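When the chains are written out, they are named A, B, C and D in that same order, and each has its own residue count from 1.
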Amino acid sequence: MIFFKNDYGSGAHPKVLEALVSTNMENTVGYGMDEYTAQAADAIRAKVGCPDAAVYLTMAGTQTNLTVIGATLRPHEAVISAETGHVCVHEAGAIEATGHKVIHVPTEDGKLRPADIDKVMKQHCNAHWVRPKMIYISNLTETGLTYNKAELKALREKCDEHGLYVFMDGARLAMALTQKDNDLKFTDLPELCDVFYIGGTKCGVLFGEAIVIVNDSMKPDFNRIMKQKGAVLAKGRLLGVQFKAMFDGDLYLELGQHCNDLAQQLISAIAGNGYEFMWPPCSNMIFPIFPLSVVKKLDEAGVLYDDFEEVGDGKAAMRLCTSWSTTQEEVDEFIKLIEK
Amino acid sequence: MIFFKNDYGSGAHPKVLEALVSTNMENTVGYGMDEYTAQAADAIRAKVGCPDAAVYLTMAGTQTNLTVIGATLRPHEAVISAETGHVCVHEAGAIEATGHKVIHVPTEDGKLRPADIDKVMKQHCNAHWVRPKMIYISNLTETGLTYNKAELKALREKCDEHGLYVFMDGARLAMALTQKDNDLKFTDLPELCDVFYIGGTKCGVLFGEAIVIVNDSMKPDFNRIMKQKGAVLAKGRLLGVQFKAMFDGDLYLELGQHCNDLAQQLISAIAGNGYEFMWPPCSNMIFPIFPLSVVKKLDEAGVLYDDFEEVGDGKAAMRLCTSWSTTQEEVDEFIKLIEK
Amino acid sequence: MIFFKNDYGSGAHPKVLEALVSTNMENTVGYGMDEYTAQAADAIRAKVGCPDAAVYLTMAGTQTNLTVIGATLRPHEAVISAETGHVCVHEAGAIEATGHKVIHVPTEDGKLRPADIDKVMKQHCNAHWVRPKMIYISNLTETGLTYNKAELKALREKCDEHGLYVFMDGARLAMALTQKDNDLKFTDLPELCDVFYIGGTKCGVLFGEAIVIVNDSMKPDFNRIMKQKGAVLAKGRLLGVQFKAMFDGDLYLELGQHCNDLAQQLISAIAGNGYEFMWPPCSNMIFPIFPLSVVKKLDEAGVLYDDFEEVGDGKAAMRLCTSWSTTQEEVDEFIKLIEK
Amino acid sequence: MIFFKNDYGSGAHPKVLEALVSTNMENTVGYGMDEYTAQAADAIRAKVGCPDAAVYLTMAGTQTNLTVIGATLRPHEAVISAETGHVCVHEAGAIEATGHKVIHVPTEDGKLRPADIDKVMKQHCNAHWVRPKMIYISNLTETGLTYNKAELKALREKCDEHGLYVFMDGARLAMALTQKDNDLKFTDLPELCDVFYIGGTKCGVLFGEAIVIVNDSMKPDFNRIMKQKGAVLAKGRLLGVQFKAMFDGDLYLELGQHCNDLAQQLISAIAGNGYEFMWPPCSNMIFPIFPLSVVKKLDEAGVLYDDFEEVGDGKAAMRLCTSWSTTQEEVDEFIKLIEK
């Protein structure tokens, strides 16, 4: 079966699964107060080089976004996001349900830039408006692009100028950090972000995300707000066991590298066959544009599902994702299908 | 290790874990649209005898409570709960965070009764008050007691009289349905409740709860509200696989029976040694009162953790829980420790 | 003093003020249960020709919008508005604070059109998105334009097609209904809207708005939700007395006519002097574009305050409003100031 | 007409009304940015002796409570109130609608005491609970009692010990400060409270309350949150004009004194005739218990409305309020009616 529909179609990497299986019969205290969770948090703090970071493990991405944003903002404060951002579109109003406006910023490619922030701040100038107080950026973006170190530094400086927090959604951070042209490293994140999350669900664990809080002002009682939002797992150690397996060694980045490597083969083949992309392809998530004849062929091979959008001229765009479990065979088969 | 601290200390029953392992490398569509989730829902509908029920799988208990209540009530509507109810105390204000008041009702033993409802309705008589619109009951209650069929029928009738929904939190439903004196069955629930959830986390799965919506008016767009509350798992099939393993056969009730059987041995031994209980002991969750000398002994044996409360007269009350993974050896050892 | 800064700068029309003064020493029951409020509601029901409408009096506009929208929508439902709409920009996130997303629609002139609705509905196609459930339109719009009968009929039909409520913010309804080219009448509103409000604050009362609920499904317990949102005045009769004074006769529309008539003189003079407008000028709220030399002259005469925006080419746009208390003298003086 | 039903039955004191009438035709800037509002704020700051206080004028009591509490608390924080407190019962869940739990504390007489706070804090001991962060007290209480200086000092110290804010609802502050046995003064409030409001609606203005924020941490952006909650009046100067009339001289306390003086006559007569009270009568709001024969007599005289509650033994309790507009004649007539 060729599966490029998304990067959360399969379960957990065998090492992660094995860690869950081998600890299954242990009894531990609940709600993330266990040793595995403590060890996972330590491993993450070491990896990002921030001994004072507060680390919390949650179950899923939307839950994480609404908890971080809801916990941080005062009632009249708003978060700025590219209009393609996950919090703008695919969370069924989760952020607004915590009472906060998401300010949608149109962008050309899904990336927020300092000039966008200036424009928003200029508009929200008096007490009749919400006060923008945070930017939300995804790295990878929802368009499959990365923010590199210089871009994040520029955003950080702009945010400091306006008194804004920087929140990075790292649902696909493993792929962002291992993208071949990206110079960003784990250890850069603490000074570039006030808070970020290290995505697990799309990067090799069964389920779970790791929130890393750098800014001291966001730390007090964060766990109570997690509890309030339903984001605390009774058997919290399940998350600890998984993230410990990921971060005791280098598994996390290895899996991101795997995704990017296989995707790079797809990109070369697609471009080599003369097809274009909606956005510049660079990561494990790419958006090729195929003639409908190719789309039909892919559909018959079971690759397409329902995820394509006609873009005129007899063509359609689709999203392809490689994942930690994608095999060389799948890549080879796909390439055969699109060869002219 | 003797572990009676809670009933969510260990992982999943081996059959459930095996189902996760054996399906780990399959790729499925996300967000609960997969076949395993569909099959789990079918199995649950069959078990409760309600072909029209809407069944949704969520990750955790507080998440479930806030999603069900938040999805159902209009802004000014409130939920009535015994003041010992989980939504009153241990959810860090999760229900209020969705905008709704929880009306706390003092009770003698943690069980809500028809007369309590009358009293609340009489008080909330005009437009200056919230409108009570739902009762929340836990079965097992947080005091370890059960509601039987007649008690639930009386609550149902009282709620119908006042136009109230009945929501049953079944975090420990497996134990409630297999408690030796309880005549309540799965198939009774659809006519007694508008919505209930079948607890998984405390009853043998790794994590997860199954919401069963009987009342048609609560069904539209429930999944969008789940998404908004962060209660939709990307790899939704993880929940489907687990609940299918539980409900294709009788595993769910077998595990509840196991808990109750071992607890019954504890109860007999504790009572036989002349100790009393805070509430009548009947289920897998009991609250014995021991002299501090016994408490000390238990503490030294590693049984106590921090969960006891001095009640005067040189005595302390504690909560003991058996779980699906409790062994006969643990029970025997505990009994030895408390023998006079 | 020439005052065109806004249409809520002065107090109440003398007839309204007199009604307040003459009833000042009467004692009535509170919270809108008094006879004056009942009579005002009756007068409004008669004026709009909808005997079954529920009429509620509130204190202010943002309060009204958040109460109507918050009372009507389920948690995952969103309201569609032109991005210039009051709820999008000038309410400090009041709607989001009730938990609901406001979907901002870019428009050329501040008016929402059926094609805009189609586009939003197509985008919000699955359970990851909020469900659009209501349109919010202002009449007058924030750009000073009107919706006429045909335009509203087209919106109504489009909304019926998609199952959307129509909510009209009538903060300046008096001016919309008396705009010389507009064929819309009070009696048209009940079949065009599910709910609308008749603005008082900007139309001659001291303070207050009148909500008219046509759709039966929105009526139950609306007063409790008003109470919850802080929108019920203890001395509710103050609002009743004022709206009774407005609607026992034709004062409401007479004041709207007065605003429009004087504005028409401004429009003629401004256009006659060769100046342009940001949007087609037609109502009591117009947006002329003047050279900075004229702006300076107006500023020196005390007309400008801080409400102008440079638009390039040495010009600036400003908002001018006539109100029920604007005098012919003010208009004449202003015209003199801008004459070439 | 004898009117003791409540203290908000009539309009405004003539001096207040006259101020509104005489300024009616002036044009001022909106939203509380006008000179009258600035002058009223200055007068209030002078009266309470706190030059740094932030003063904001709002329209009504529930609105004020939800704005102050909603603006101050983080999502997981809760407010403690006597269970008879206005925020507990008569605001239709307004506080919970901002996302916060109100912790109801049973009391004997409607007054919160330091020991009550200790008890709440002890219970809310871990991250599963909301964090109590504020106490809400009414002065007068809803039972017609006062907090004196020593009582408030004890509460203040207890709150400091636990890191709690003190919020005083002064809906009837005029009466509390002029109650004959109360040593509390305006100038005591800034050091006893973090924030309080000076009630206008029940103390002689047409409508309006004045929030006084002492604690610096509560001041930033308070006006934006007011706007968001719908608590900013477009013609904000209406509130400024009224409070200026009240606080330029001593009108506010004079009217409170008037209420108390007349109430004292009622108290003497009722007690003198041998009747008892639900709570010790001391202020303008008293709760006598009459035989049903007296109730009938009062009802026939039009005094009773629907506000009485049978308390057994052939007796009923009712609430009586004097107001700024109560006359000596009303008092005399009432006393005649209850004389044996």
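The rule is short, and it goes like this: a contact is a pair of C-beta atoms (placed from the backbone, for glycine too) under 8 Å apart; a residue touches a chain by one contact, two chains touch by 3 or more.
All values derive from a computational prediction rather than experimental measurement.
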Comparison of C-D and B-C by number of C-beta pairs in contact, larger one: C-D
Chain whose mean Cα position lies farthest from chain C: B
Approximate Å spacing (C-alpha centroids) for the pair chain C, chain D: 33
Interchain centroid distance [CA atoms averaged], chain A/chain C, Å: 42
Mean-CA-position distance for chain C and chain B (Å): 50
Of all residues in chain D, the ones touching two or more other chains: 75-76, 91-93, 97-99, 127-130, 224-225, 227-228
Complex contact set, residues of chain D against chain A: 31, 70-71, 74-76, 98-99, 127-131, 221, 223-225, 227-228
Residue numbers on chain B that touch chain D, as the complex places them: 75-76, 78, 89-93, 96-102, 104, 127-130
Chain D contact footprint on chain C (complex, rising order): 1, 3, 5-6, 8-12, 14, 17, 20-21, 23-30, 59-67, 91-94, 97, 201-202, 206-207, 224-225, 227-235, 238, 305, 325
